[in-house]
Every structure is written in structure tokens, then in C-alpha cells.
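Report on the structure given below.
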Amino acid sequence: MPQRSGGRHTRELRPVKIQRKFVSNSAGSALISIGNTRVLCTANIEATVPQFLRDTKQGWLTAEYSMLPGATSTRTPRESTQGKQSGRTIEIQRLIGRSLRQAVDLQRLSEHTIRVDCDVIQADGGTRTAAITGACIAVYDALDSWNFNAFRGWVAAISVGIVHRELRLDLNYEEDAMADTDLNVVVLQNHGYVEIQGTAEGAPLPSERLHEMLALAQEGIETLFSFQHRALEGT
Amino acid sequence: MPQRSGGRHTRELRPVKIQRKFVSNSAGSALISIGNTRVLCTANIEATVPQFLRDTKQGWLTAEYSMLPGATSTRTPRESTQGKQSGRTIEIQRLIGRSLRQAVDLQRLSEHTIRVDCDVIQADGGTRTAAITGACIAVYDALDSWNFNAFRGWVAAISVGIVHRELRLDLNYEEDAMADTDLNVVVLQNHGYVEIQGTAEGAPLPSERLHEMLALAQEGIETLFSFQHRALEGT
Amino acid sequence: MPQRSGGRHTRELRPVKIQRKFVSNSAGSALISIGNTRVLCTANIEATVPQFLRDTKQGWLTAEYSMLPGATSTRTPRESTQGKQSGRTIEIQRLIGRSLRQAVDLQRLSEHTIRVDCDVIQADGGTRTAAITGACIAVYDALDSWNFNAFRGWVAAISVGIVHRELRLDLNYEEDAMADTDLNVVVLQNHGYVEIQGTAEGAPLPSERLHEMLALAQEGIETLFSFQHRALEGT
Amino acid sequence: MPQRSGGRHTRELRPVKIQRKFVSNSAGSALISIGNTRVLCTANIEATVPQFLRDTKQGWLTAEYSMLPGATSTRTPRESTQGKQSGRTIEIQRLIGRSLRQAVDLQRLSEHTIRVDCDVIQADGGTRTAAITGACIAVYDALDSWNFNAFRGWVAAISVGIVHRELRLDLNYEEDAMADTDLNVVVLQNHGYVEIQGTAEGAPLPSERLHEMLALAQEGIETLFSFQHRALEGT
Amino acid sequence: MPQRSGGRHTRELRPVKIQRKFVSNSAGSALISIGNTRVLCTANIEATVPQFLRDTKQGWLTAEYSMLPGATSTRTPRESTQGKQSGRTIEIQRLIGRSLRQAVDLQRLSEHTIRVDCDVIQADGGTRTAAITGACIAVYDALDSWNFNAFRGWVAAISVGIVHRELRLDLNYEEDAMADTDLNVVVLQNHGYVEIQGTAEGAPLPSERLHEMLALAQEGIETLFSFQHRALEGT
Amino acid sequence: MPQRSGGRHTRELRPVKIQRKFVSNSAGSALISIGNTRVLCTANIEATVPQFLRDTKQGWLTAEYSMLPGATSTRTPRESTQGKQSGRTIEIQRLIGRSLRQAVDLQRLSEHTIRVDCDVIQADGGTRTAAITGACIAVYDALDSWNFNAFRGWVAAISVGIVHRELRLDLNYEEDAMADTDLNVVVLQNHGYVEIQGTAEGAPLPSERLHEMLALAQEGIETLFSFQHRALEGT
């Protein structure tokens, strides 16, 4: 059986660390580390909504994602100097936005928008799932600081892959590059799936393996929920 | 039980029609209609590959998707006049590209790129899955006209949704807007899932329902495979 | 005398076919074929006008033109992915807009804008004149469906060129590339010229030949008027 | 009969003045004034050609046109700050480029490109025709300073309009705004028409009037040729 | 001692010439020549202010700077065709704007904005300082033509450089390219420094030399003030 | 005398903290805190140079600067979503680049480019000077890790302002907003000024005060040099 880097078990997460309130100018913020992946998440609230929600009393949540140039071993060109965001960036930030909207009761935001920003400081696989998991804490704190009673529940996310026919939880960059199939799962605690995105760039996925993958993802996400709760309590 | 429009059964596809070789200037093309959704798909081949594939002998496939302005009941602004593609467009065309790459043995393209274009002429829900299903025929014909022996198998796609707690196959626009959960499934015939994208914008999805949805999608996709085969035979 | 492709006479149009109401989501639409050139034209109406017409009771008409990527024998890059429209596209859509504004009594639109879209599905020369001729039908139907009594008259357009010193009506792509001079003429039925655009990329044009060219264009346009009328009647 | 501003006759040009070699850093340059319209024209030559002319020995000529912000009575926003050129600018600079290419024997440029720039310093109607007429001198001088024996002949341009049913030569801004029809004519001396662009924004143009307009334009252009010759001989 | 071009003394300005009211369509304008550097400056006033000044009664002044393509010995690409302004352009126009705001009492503009445009017709070093000096006249005249009593005083600017260890006033292009240090100084007459921008691209600048440079700049600026006054009085 | 926030003396820096090697994927990196201002600086090296340095054996250094959206008390819109960098950003990153080029002997880089990225995580005034001071450490480490013996000396930067007629070192955001004059000074240790940028947005600056300001800046910069040295030693 191929050895995972760091001697990690196939069903094991990398070490998780969450530093809450990392940026004092934002209403909520967290720096989340999952192994060598580190993402800075901030959440801010504005008294405005998109056009399609005017006069509905509802609120909205939108997310932006970016890779800092120094986060990757080969420097990533800055999107602002290229005049546009890459397809990958846009795909990821739409996923983050949809996922976190499930954590919030938008009806209770009385035409405010939560703006989430996820900036990757160091990338080693799983940046989008780390971003969702960390940003949920920033959203919680932002709602709290504005006295909105609108937090519906915890949302966390993890990836599961198939590498050399073996299921593995929480792929790092090297494993992700070798994987036949990569599945990102987002769950709202006690409710169910919020997003499932499975991509078989290597080889198509037989349906029986999908069920195993979902079960393994669920295990990892339960662990992430406990890290989120601990971050709230204060450690 | 809520009546579906047109008296359609919940497990039934809308009427499917495929007009092969609709555009004579493209190496492959098809106009696919699924209900009132109509997508024009073309495939062309160029003797070039992206930077990262130079000198690998491999080929590539890339896809672009666009909504013609008149395709929607309220006119859709043209992306070329706005200077950029929307997030939705980018997300969809990346999905189409990843899906169709599974239909092709890229090793056998000796540094050629297949360029797929999907332009929606009339939109009534399910444009991305119709695009994948129709474009697979255009890709088949383009490979044939260039004498590349590189077609791996048929790829088709369908959506399944939960509307008022009821599973429904192949949502039209009106149903899609009401759905709690929307699942797009892409399959490579005789191999398995190529993409699974489930989004719970309305309410999170319990895991047992996911399995039912996947089974229903599989049924619909089998029917689409038979339409693809018939289109090839000539009708 | 050089033979024209398809044995066509120098003073003869290519076969013309107009499919009215091709797109059900648009207020007016037509798919026009002139030889191998096919253009999908849609017209929609919005209850708004540009800044300079606010509070004048007048309306406006604006047009956009685009070449679908698969329409040309070498694929045309999509303008939305390049971030801007080409000079050729802009020049053509301004011509279409100016031409069709003559078909409409803008005073009677009470601050509505007609938005015309012309998308070339297959290109073989004469796409701009086909677009004007086909879009006039879409405009007619759009006005009708909104109950605006504002149609002033039929507008149609054709090209005439000089190829090997010989006048030819309705150049196809191959002839256009060989032509010394190319003249596009737009006429409002029973009124006169709406636009005349003559370009001598090859050799300057003596004034006596200009008069012959205009006369030949007029013949071709009269035939196009009869196709427009027939499309209305229903054949 | 309506009086023209400045007591000018309907068949009379405004005062013309050409200052040759106005910009010492350009290979050729001229500041042309026609009435209150003033355009700074420069021409420079680069040892490169567009992609489609590589290895053909041929050269090319391309033109750019711009309105300086202070040139109009209401300031014109700068296109560089808006990130793109307007449709009007693009249409005009394509006309200037096509027109001046007729003044040059491109076969004799051995893969060099002439780059013409026309910047309007003060605008009072007829800027595009003034630009063509003035830039032809800059092109002449640029060819001379590079010792290219490639000047084919003089190109000049003028507008003719119909204002209150009356033909008028060389419309100023006020007349242009009132005109029913506006015709821009470009001629290569001793050869014939290079471009004819007639637009009936007000009322369609009967064909007999077109012939009168062309004759009047020819008169005006002959006068412009004599100004060009004098500029060459002179100070 | 290295000879300066044109036999100029190290503490001497190049010949200065100011043509006031060069563009009749602008509220204020001046064409300033300093040696071979020539900049066309216009000032216009609009009854609007940026968002952050709404309802403050204050006004604003903003500046834009551009190099005409033919102004340099190798043609400068036009920023409007490249879709954005260069970093150098942006840096310069921000300097011009900040400098000229000191010439105006913004409190007295009752929510109007002065828009300054500086277009370089011929470049030979010192374009940004010439622009400031010339544009101040255009601003004066624009305020006058709108009857705003808001001119606070004259602003002028000059560069001083160290070339081969020698201080030189008013560097031309050739000297600027050789300079170790380049200092641009902007002064409001009788008040003091408005901007000081010193850049040591070659070698760092010892502090004692900075004081000498500032003194020399002051001398040059006093001369420029007298040219500004003469332009006002005279021809 | 007005009390400074935190009881700080007018000639005193805010607390300084430098975390070296904060990002493991970059060749050099540092997180610098000066009071509440925190900037993440990374430096990476690429084996390429800009066009104008090809075949010169020289290297280059270029810098980019960005404000993370959550860094300011009102969220700053992301420049990548707006399609371009602001004028302020461009001005700052050009300053950082020019300053750090003085820290490096570009002759010894044999056609490599150092790419510096400064991302502001929390903003409270003085972000550009903190960026220069912190990035110099990242540059040092990047050179070291690539074994380039090209570090010329330490570069550090600080601001001095005049607030209520009083000189103050190292302005925070609140003080900066009240300042009449703001001076940014960049020094190369033991050599002299690299950049001096003084701006009098409030009131022009008499020349005698400039000298005092420069002396105070020098004091602050000496302190910063000692922090840089300590960061190198390891604390």
C-alpha cells in the first residue's frame, strides 16, 4: 500500500488549526490551516443587496476567493494585473458562496449582504474546502457583531479522492495531482449535503465507490465541525 | 401530486431531437432540442495544444458556452459587449470541457485541440446537459472527419431535481426555479460517472435521497444514449 | 467569361429562404439563408431608452452582430473570451442599426428600445446584408407583438461587386475575396437609399461604374422585398 | 435660402490650412485646419507587418483616430480611461486606414508598416475627412524620409450633405446635426472613388440626388488636392 | 565639464513659449513649449463632483495625461487600444492633479469639477513639469470664463538632476536617461512646496546635495512664474 | 500639545514586529507589523527578464501591492473583480519596485527577475513604507536561497507628517487623514536617499520644515534597520 506523506492514515485529516479574529478591521475573520494549506477568511456586512432582492426584506451572501501570488511553489500571477479572474477562481468562489448561504437564514438579514473573502496564503491542496470551513467562523462572528440572529448552522467541507484505487481523505496537492477522481463534499450540520462536486478527470467513477466516498467525507466533516466549535469556545 | 407541464411523468424526459451536421463549415455539428431547449453545438480541430501539453504528443479538448441574447424570455445581454463572461458561463463551459474530455482518448490526438462551441438558441432549463449530450455527436463527427481514431465512448448528461419533495427527471426552467435541490449527472457509457454536481440552493439533501436521484438520472441518460446512436445511424 | 459557382448568372441572387418565428422566446425572429450564408435574427423590445432620449417620448433601435465560432471554415474566436468586439463587428452592427432605424417610426415607440441581434450561424459572404434583410422581419413581428403601430416600410440590403471587371450581384465569400470593389446598398422600399457603402480595397472605382452597380443592387433588393412579403404571408 | 454660417456659399469649402512637419519626432506629420476643425496627423514606419503578411514582401498601413478631450464644446471622455474605443472611433479609423492604403503601393514596402495617427485638437464637423486629407501628407513625408518609392497618388476626402433639401459642401458640426443625408467621399487623384459612405439618418435619399452629391464632392476634393500640392511645395 | 546640448548653462532653462487659448472649444487652454517638449493643456468645468464630495459645497480638480503616439522618436502605442493606461501615465496624472488642486480654492467651486487634460505633442524630457506649468494657465482661464473667484495662486514645476556628479536644471530626454538622481519640484508661488518627488534610480542621494537641488529648482520655478504672468498679460 | 493615540511620543515609531519565512512556498517572505498595520511580503525569483534587458546579463526586480478586501474598516473592493488596479495601487507598487531595486546589484542576477508581492492584511496607515521595509527581508532571503551574491544593502522607509503644525513620525491612519503634509522617505543604509515623496494636500510646505522632516525620518529609519538586522539573526 502506498504510504501517505507524513505517515498519515488514508482516513485521517491533516492537522487543523483555526485562529479566530485574525484581522481586527473585519467584522469576522479566521486564519485556517489544514496541513500546509492556509487560508485567510474575512466576513463583512454591508447595508445593501443585489438588484434582484431590492424590497424583499431578504439579505444575501457573496464570496470571493483569491490565491496570493506567493502561495504556490511557482508564483501565481495576480489576477488584478491580468484584468480578470481565472475560470478556476470563479468556479471556486461560486461554490463558496452557495455553500455559505446555507449557513445563514437570509430572510433575517433585512437587506444586508455578507461579503466573504478567502485569500490563500499557502496552498497545498484542499484550498476551497478549507476556505468554506474557515469562512463559516468568520460569518458566525460577523453576524454576531451586527446582532443578526440569522446563523442557521455549521457548514464544513472536505475532499475525498481515489488514488491508486485507494480512497483517501483530505488530499494534499501531490495526491490531488495523482487522483483519478476527486470529490468535494459540503455539509450543513444535522441537515445533509449542501454541495457535492465529483469530477473524474482520470477515470470514470463506478457508482458503488461513490457511496464509500460520501461516507468517508462525512467522517472528516464531523471532525471539522468539532474544530469549528472549539474555535468558538476560545482555545 | 402536482401536475408537470405538458402532462409529463416525473420519470420522463422531454421530447428529444437531434439534427446532425447542421453547420457545414464546422468539422462536426449538431442542433439538439430537449423540449423547448435548443442548443447549437459545433466541434472543430486545430493543430495546436495549450502550453502545458507541448511536446507530449497528447491532445486536448476545450469548450465554450454562450447564451444567444434572444434565447431567454427577457433578453440576455451579450457577453462580448460587456467585456467578459459571467461566472455562470465560465462554470458551465468548464463542466462541458471536463465531461467531453472523457469521451476522447487524448493520447491519440498527436497535439491537436478539439474546440467545442455550444450556443443556446432557446433556453428552457437543462441547457448545460443538453449541450454535453449534443456536443458529443459533434465531437464524434469532428474526429471522424480528421481520421482520428480517438473516440472512447458516448457521454450524455441529465438533471434530476426535487420539487415539492418529489423527484423529477429533466427539469424545465419553471421547475428548476422551484427546486430545492438540483443534481446534474454526466456519464460515460459503460464506465460510470464523469461528473456529479449537486446543489442544494433550497434545502440540504439527505443522503438517502441522493441515491434515488442518481438512479433516476441513470435511467434518463440511457435514453439519451439511444438518441445519440440513432442520430449516428442517420434518421 | 468566368463561371460563377453553382452556374449562377452575374445578375442573379443565391437561393433565399426565410424561416419566421424561429425562436419562441423572442418577440420577433427569423432565420434567413442566402446561399450558404445563414443568419439568426431576433428582435426584442425593452421599456427603456438611451440617456439622450429620456423624456422625449421617442424610442430607439439598436443592433448587435456576432459570428458564431463554428460559422467559418477556420473557427472564429469568440469575442466574449477576448474581452472585446472586433472593429469589423462594430462597424457591421452600427450599419445594421442605422439601416433598421429607417424601417421604424421612432416617434411612435413612446420610450421603448428595439434590440436586434444577428448571429451568423454559417458564413459565406454577404452576412451583413442578409442580417439587415432578415432582421427587418423580426422587427416587424416584434412591433406587432407589442402592438406598436410604428413600422414605416421594408428595408433590405444586398452587395454588388466588380470581379475581373465584371459586375456581380450578391457575392459569396470566394468572390468577395477576389473583388476589386465591393458595394453594399440598403434601401427603404419606395423611398430610396438608406446606406451606401462602397469600398475599393483592390482598385479605385470610376464614377460611371458606380451607377451601374447601384442599378444592379436595386434589382436584387426588389427580389428581396418579395421574399420578405412572402415570409409575412406565411409560406 | 438658408444662410450658411460665415456667409459661405453652398458649394464652397471652409478655409483650409496645412502646417507640414508639425511634430519633429514623427517621420511625417501635418496639422490640418478646415474651418474650426483641426486635426494633428502623424505617420511613422515600423519594420514589421501583421501576421497575415509575414513572408509576402508586402507592407501594410494602419490608422488610429482619437478625439482629444478638450476638442469638443462638451468635454469628450478619454477612451484610454474607459478601457476601450467607441464604435464611432473604430468605424472612423478603419475608414482612414482603408483610404490611405490606396495612396501607397504596399508591394514596395518590403514588410514595413506605416502607422498613421490622427488626433482631433478641435472638432467642428468633418474630422474624418480632414484626417484623411491631412494624413496623406504625413504619409508622403514618412515614405520620403525612409526612402520608400511607394507613393501611388494623392488621396483626399470631403463630405456633402442635404440640409433643408439643399446640397451643401463640407458640413460643419451644426449643419451635420441638421442634415437629412450625409455622404463622405474619398478619391484617389486621377483614378476614382476609394470610399463612398452615404448615410440617411434623417430621410432616405432618392437616387438622382446621389449623382449630384457625388459631383459636388468631386469639386471640393479637387480643391483639396491643390492645397496638398501647395503644402508640399511650400514653407 | 560636459557640454550641455545647445550650449545651455547647467543652471539654465530651455526656451519657454506659452500659447494661450489654443483650443477654442475648451474653457481654458494653453500650448506650452519648453525646448522641444510641447504639451497641449486644456481645462473644462462640469457641474458635478465625485461621490465623496456630494453635498459638501466643495469642488474638485482632476487631471489626465497622455502621450500622443507620434510624440516620441519611437512611436508610443495608444493606451485606448491597449485597454488601459500605463503605470507611468497614472503616476504622472495623479501628480498633476494633486499639484493643481493647490492652485485652486476648492471651497469656492460649489460642487463643480475642473477637468484638466495634458496631451504631449512632442516629448523631450520634462513633460510632467511642463504639463503642470502650462495647465495652470488653462485652469486660470477656465475659472475666469465660469466666473469662479477661486484661483489661489500660481503653481509651476521643474526638474533638477545630477548628471556626472553635476547639478543640472530642466533635464532634456538625453540627460534624464543619464541622470543618477532626478528630482521634480512643484511650488505654489509665495507659499512653498506642493510636491517633491526625488528618485535615485542610479545612485542614492546624499542629503547635502538634496538641499542644493531644491535651491536650484526654486530658481527655475521663479522664471516659470514670470512666463506664466507674461502669458496672462499678453499676446 | 495634542495627545497621540496610545500615548506615543511624536518622534516615536509604533511597535514593530517582523515574522520571517511566514510562507514556505516562497523563496523569501516576511509578515511585518507596524502598529496595527500588517503586510505580508513575499519574494520569488524567475529565470526571465523584461524585453528591454534581454541579452544584457542584467536582472530586474518588480513589485506588486494589494490591499486585501478585509484589511480596511470599510471593505475594499477586490481589484481583480473590477478588471484593473487603482491609481493608488499602481503608484505604490512602482515606488516599492524602485526602492527595492536599490537594495540589489542587478548586474549580478544574470537575467533573473525578483518578483516581490506585498499584500496588506490589516491597514492603519503607512502600508507602503511597511511594505518596503518588510519586503527587503524577503528579497534578502530569496537571493540567499538562489545563491545570488547580489544584496547591496538594507532599504527601509518611513513617513513623517505635519499634524496641527507639529512634526510626527510614522503616522497612523487617523493622523494621516488630518495631516497637512505627508513625506515618505526611503533610505539605503550608509548611502542616502533612494526616494523622497512629499505631498502637501493640505497646505504647502515651507522649505525649512522640509529639513526637519528629513532629519526625523532618518531617525526612524535607523530604528527600522535595527529591526531588520534582528529579524535576520533569528529572534
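Labels for the chains are A, B, C, D, E and F, by order of writing; each one numbers its residues from 1.
The rule is simple: contacts are C-beta pairs under 8 Å (C-beta built on N, C-alpha and C of every residue); 3 or more make two chains touch, one makes a residue touch a chain.
All of these numbers come straight from a predicted model, not from anything done at the bench.
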item	value
For subunit A and subunit F, chains touching each	none
Fewest hops from subunit C to subunit F - one hop per pair of touching chains	3
Same-residue or different-residue interface between subunit E and subunit F, half as cut-off	same
Most distant chain from subunit D by Cα centroid	A
Length of the line joining the C-alpha centres of subunit A and subunit E, rounded to whole Å	51
Rounded Å distance, subunit B centre to subunit C centre (Cα mean)	32
Residues of subunit F engaged with two or more neighbouring chains	83-84
Touch-based graph of the chains, sorted into line, ring, star, complete or other	ring
Contact footprint of subunit B on subunit A as seen in their complex	84, 87, 90-91, 93-94, 98, 101-102, 183, 187-188, 191-201, 203-207, 210-211, 214, 218
Partner subunit D, residues of subunit E touching it in the complex	22-26, 29, 36, 40, 42-44, 46, 64, 66, 68-73, 75, 78-85, 89, 115, 117, 119, 121-123
